[in-house]
Each structure stands twice: as C-alpha cells, then as structure tokens.
Amino acid sequence: MKLLKFELLKLRKKSRGWLGPILVFVLIMTAFPLTVEMLNKDIDQSFLSVLWIATLLVMMLATEDIFLEDFNDGTLEQMAIKHNSLSGVITIKIFVYWLLIGLPISLLGALYGFGITSSADLAIQLIPILMITTYIFLNVFSFGNALSLTKGSILGILITMPLVLPLLVVLGKVVIAINLGMNFLGFLFLLLGILSIIILVLPIIISFVIKAHLE
Amino acid sequence: MFNFKFNSISDAIFMQSSNGQYHGLYVWSVVLIVLLSIAITFLVYKTQIKNIGKKIK
Amino acid sequence: MIKKFIHQFASPKTYLFQVDRAYPYIFYTSLSIYLGALFWGLFLTSEDFVQGNSYRIIYLHVPASFISQSLYLAMAFASAIFLIWKVKLSAYLVRSIAPIGAVTTFIALVSGAIWGIPTWGTWWAWDARIISTLILFIMYLGLISLHDSFTDNEKADKFLAILVIVGSVNIPIIKMSVEWWSTLHQTASITVTEKPAIDPSMLYPLFGSIIGFTGIVVCLVILSSKLQILKREKNKSWVKDYV
Amino acid sequence: MKKILVAENLSYKINDTKLFQNLSFSLNEGAAIHILGSNGSGKTSLLKIISGLTKQTKGEIEKNYNKDICFIGHKNALKQYLTVEDNLSLLEIEAHGNLKSFLQLLGLDKLLDVMVANLSYGQQKKLALLRLFLNNSDLLVLDEPCVGLDKKSQDILCTFLSDELNAKKALIFSSHISLDISAEVLQLDKA
C-alpha cells in the first residue's frame, strides 16, 4: 500500500509522464477526422481501427520512461535490495501507470466514440474493452522497455510489437462484434483471460530482466 | 516416374503449362534467388571466419 | 549430474572440433541430395493439374518455410538450456541461429510471393501464414538487434534467451489468431498425422529437398556458430592454437 | 561476537575478465572493513555482491542479520523533479525522530521546499546520506560515501559511523579518501 502511494506520487508529480500521453491521444483522435471526408459514412468503422492504433501508440509512448528513470537514479537498486519480490513492485508500477494513463484514455476513447458515431451503446461497450487492452499493452510494452533499458525505446517497440499482434486481431474481431451487436461478452471474457495470464506471468519475467540489468 | 517432363531445353526454360501460361520465369527466378542467397550467406560467413582468424593470429 | 554431463560435452572447444570433422560430410551429402531432389522436382515430375508448372516452386518454398520455423524452435530449445543450465555454447548457438533464421524466412517470403503471382494473381495477400512468416522475419531481425545493442555479452545472452522463449510462446498464438482472422493460403501439403494430400511422385522429391535443405542450413548454422565462438572466445589460449 | 558476514573463496569475473579470486573475510558486529583497490579492481562489484544485487561467480557468502541492508551506492536514489520533502517521504524517513537535527547539522533544513534538481551536487549527496544517518539496519554498505562532500560533512559522517560501530552495527565501505574510523583494510588487486 505504501508502495502504491509512492508510485502514485512519483508519476503524478511528473506531468509529462502521464498528461503527455493523454494529450497525444487527444491530438491523434482529433486529427483523424480531419483526414477523411466528414460525409463519409464509413467513418464509424475506420474510427475503431484508428482508436486501437492510437491506443497502441500512446501506450508505447507512456511506457518509455517506466523503468529507465528509476534505473538511472538508483531507485530500482534500492527497491531490489529492500523488497523480496521485485515482481510485486513492478505489478504496482504498471497498475499506477494504468490508473493515471490507461483509465483516462479508456474514458476519453469512449467519449470520442460517442462523439463520432453518436451511439451511446458503442461508447459504453468501448469502456471495458479499452480498459483491458490498455492494461495489456502497458504490460507488454513494459516488458519491451525492460529488455531495452538504457538502449532507447525504439528497440523495445521493435521487439514487442510482434507480440501484441494477436491482440490487434482480437480487437479487429471486436469491431465486427460491435457492429453486428453480437457475442460482445464473449470477447470481453477472452480479453479478460488474456489479461489475467499476462498479469501473472509478465511481471515475473520483467523482474528477472531488471535484476540482470542491475548486476 | 523418372521420365523427363520436358522435351527440350527451351521447353524446360519456358515451362508452358496446360493452361497456356509460361511459368518458367517464376520458377527459375525463385531457383536463382534461393541458390544465390544461400551462396551469398556461405560466402559472407566464410570470409568473416577467415578475417577473424587472421586477427586472432 | 545432467549439469555436469552437459558442461563436459558442450564446451565450445569440443563442439568446434567435432563439428569441423562432421562439416564436409554433412555439406556434400546434403548438397547432393538437395540438388538431386531439385532436379527430380523441376524436370522429372509431371505438372500439377490445377497450378500448372508453377507448382514446382514448392520444392524451394516449402523447405525454406519449414526450416524457418524449425530454426525458431531450435533457438527456443537452446535458450531454455542456457537459462536452466547456464551452458555458454547454447547461448552462442541462439545468437548464431538468428541470422540464418532471418535468411531462410526471407527466402520463404520471397519464393512465396513469386509463387503467388501465377497462382493467386497477386504477389502479396493479407493471409494468415504470410503474415505470421513476415512477423517471424521481423522477430529474427529484432532478436539480432537486441543482442547487438548490448556491449555486455553475458547480459545480451540472457535477454536474448528470455525474448526467444517469450516469442516462442507467442508464435503459435500469432499463427492461430491470424488464421482466425482470415485465410487464403492452401492448407499444409504434408502433415505428420494425415495422409499426404499430394501424389507420391511429387512427394518424394519434396521430402528430398526438405532433407537436403535442412542439411545445408545446418552447415550454415555451423559456420555461423564457429564465427560466434571465435569472436567471443578470441582471448582463450586454445583458440589461438585452433586458428 | 556475532559474525554478520562470512565470505569464503569469493571469485567474480565479468566477461572473462577476472576481478578478484578466492577472497575470504569475515565481518563482526561493531567492526568495519575498508575496501581498497585501484580503479576497476572490483570494489563496487564486491559491495553489490554483499548487498545481493550481483551473484558471485564462485564461493559462498553467509549473511547473518535480521533487518535490511543500508546500501548507499554511486546513484543517489533521489527524484530530481520532486521537492526535498517529497523525497524524504519516498525514502520513508519523513517521520524519523532525528530527522530535524540531522537536517540542521547538514544545513538542509531551509531547503525542504526546493526541488532536488536545483540543489548542488554536494547537497544532493548529503540528502542521499540522510538515508544512512536515519537507517534501521544492522549492516551498512557504503560505496564511496565521501565523493562530493565538504570537510565538515565528512567529519559528521565519520563521527556518525564511529557511533554506529559502538552501537554494534557492522560497516563495510570503499573510499579513496581515508576516513577517520578504525577499520580493517581489505586490499583488492587485479589477479
């Protein structure tokens, strides 16, 4: 609990860390309608694709600094000495990032969904899906950034982008499910299943990687 | 089973199929690409091993 | 006990000497098998009923795509050995397989694209297997760049092994998901469990080309691992004697 | 006498470069070890092995203490964009009884609202050392604690460490500047 408080304080005071990604998300979602003709009826469908890609990009940006800063100033070193389970610290760290970045983006994404397609149903369905996907993205990209720590985030993105492609396929199917209004809950449970596996496994792997970095 | 499918060398190069299309271009370009890329890889490794051998000496 | 056994027989030195002895045999046998199978496949088999003569690309395409996936499996296996028993040789092998994997994946992609022109009428399709092969290609390149960006080789080995294992979990998932997404590619020509869908006269040269190509790729892996060992152990005294 | 640390035949190498070999020593409570050695002789690596960050290549190390180690490394573990006060709470020492007196002693008491990025290097180092001054550990591991400190702060550090040794704590440190503490010297030299 103390850790949660500390991590929240650290991220909250660093406004470029959490406000930055959210603003980038807003900018992308605002820029997107400018590039297509407003009378185009297909805007509903392409909106969802743009939404997934924007979320993906913003989550990449958001995790860029997740371990690097703590590594450079020695906080990670102290954490590894103090806490027996580094994976717990990492879980909390990712959760805080989700709370300050993933959650607002989920709500904003739903808002944009309502604004562009003016369908309240869609907006409500988008919220849980976005909440889960942002959490998954944060976990996976944190893994990439842990691997490429001190070597720049481009490398991290390069090696983790292939890993999230299955998720993009699922999200593509969700678009169809929402449009046809069927089997929505099934997809939600599928995503939840993926999330629960990732939450259990990835922090352990990440802690292994970070320990190797601290050597 | 072991008879030549093609009657002449030019037949084998053009590889006209029963539907009239010539497939030789595709087949032979693939053969070329595969053999070339393998040969180049071999060459690259051989020279690199030679170079590092010289350095160690 | 297993640890002791592995460490004794997996020293880079013994590996290098054994492999040097076996190399010419593997190389010449597999090269002759491969060229023989290609000759058989390209000239002696009858043309396919549907695809015409363009089907002959199968003798080049299928071995490459088979090998590109098997190499990843081999890497995952070696990574696991490295992480569990800390065998240095397997770390070298992981690093040296990666570029060979990239080359074979590249061959599979290009030959597949050319094959697509006469049969599908398009050189590229957003299809399950093509995309997963492309992703495999990118992953191979990513693995290489991950390893090369670390100056500390021991760290690089560890991270590479971790990424390979995480990726190996993900590859079947990628394949399944993309297949689920859409598919245009023909189903596999040969599977272990089912009776082959193609004629035996076409099958034998295919097997021959797969075996021959595997041997050639093994030779490439041997060369690549030799380079890796020389690079990494260049300060050891036995390397100087060896060279 | 309780032995806090017992190291037997420690060896360590990075990428086939041997740093130290067959190093054996023990550390009693109330005693101190001063690690000496040229640059690149493995002082930091040895301290990292003791604090558990790095694993030794060979040998055994037996640790015999209850609470966490207090480890002060090259890195300060301070957040540059937070104020001194926030940093103190991150270090979990904001409620310590002796905090005020130490802040005054080090001349940091007027700087509580200042961002760490605006402090000088020496001030940041002193702030990092507060974690040592208010520690709750049996074993103190210090890597070059004197770098960037003025004479006055060095004296404060020495008096403090002597007091801690009298209070049955164990200390192991590396330093190029000689500290006025009675300590056993451990010489590390390249093998």
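Letters A, B, C and D mark the chains as written, and numbering starts fresh at 1 in each.
The working rule: contacts are C-beta pairs under 8 Å (C-beta built on N, C-alpha and C of every residue); 3 or more make two chains touch, one makes a residue touch a chain.
Quantities reported herein were computed from a predicted structural model and do not represent experimental measurements.
Student: If you average the CA coordinates per chain, which chain's centre is most distant from that of chain A?
Tutor: Farthest chain from chain A, going by C-alpha centroids: B.
Student: Pick out whichever of the two, C-D or A-D, is joined by more C-beta pairs in contact.
Tutor: Answer to which pair has more contacts is A-D.
Student: Taking the mean of the C-alpha atoms as each chain's centre, how many Å separate chain A from chain D?
Tutor: Once rounded, the distance between the two centres reads 38 Å.
Student: Roughly how far is chain A from chain B, centre to centre by C-alpha average, rounded to an integer in Å?
Tutor: The answer is 46 Å.
Student: Please report how many Å separate the Cα centroid of chain B from that of chain D, as a whole number.
Tutor: Whole-Å distance between the two chain centres: 65.
Student: Can you give the whole-Å distance between the Cα centres of chain C and chain D?
Tutor: Chain centroid spacing, chain C to chain D, equals 50 Å.
Student: Find every residue in chain A that makes contact with two or more other chains and list them.
Tutor: 215
Student: Kindly provide every pair of chains that touch.
Tutor: Going through each pair of chains, those in contact are A-C, A-D, B-C, C-D.
Student: Can you check the complex and tell me which residues of chain D touch chain C?
Tutor: Those residues of chain D that touch chain C are 14-16.
Student: In the complex, go through chain C and note every residue touching chain B.
Tutor: 38, 42-47, 51-54, 56-57, 60-61, 64, 100, 103, 106-107, 110-111, 114-115, 117-118, 201, 216, 219-220, 223-224, 226-227, 230-231, 234, 239-240, 243
Student: Of all residues in chain C, which touch chain D in the complex?
Tutor: Spelled out, the residues of chain C in touch with chain D are 152-154, 235-236.
Student: Under the definition above, what is the set of chain B residues touching chain C in their complex?
Tutor: Touching chain C from chain B are residues 1-6, 12, 15-19, 21, 23-24, 26-27, 29-31, 33-34, 37-38, 41-42, 45-46, 48-49, 52-53, 55-57.
Student: Of all residues in chain A, which touch chain D in the complex?
Tutor: Result: residues 2, 6, 9-10, 13-14, 72-75, 77-78, 80-82, 211, 214-215 of chain A touch chain D.
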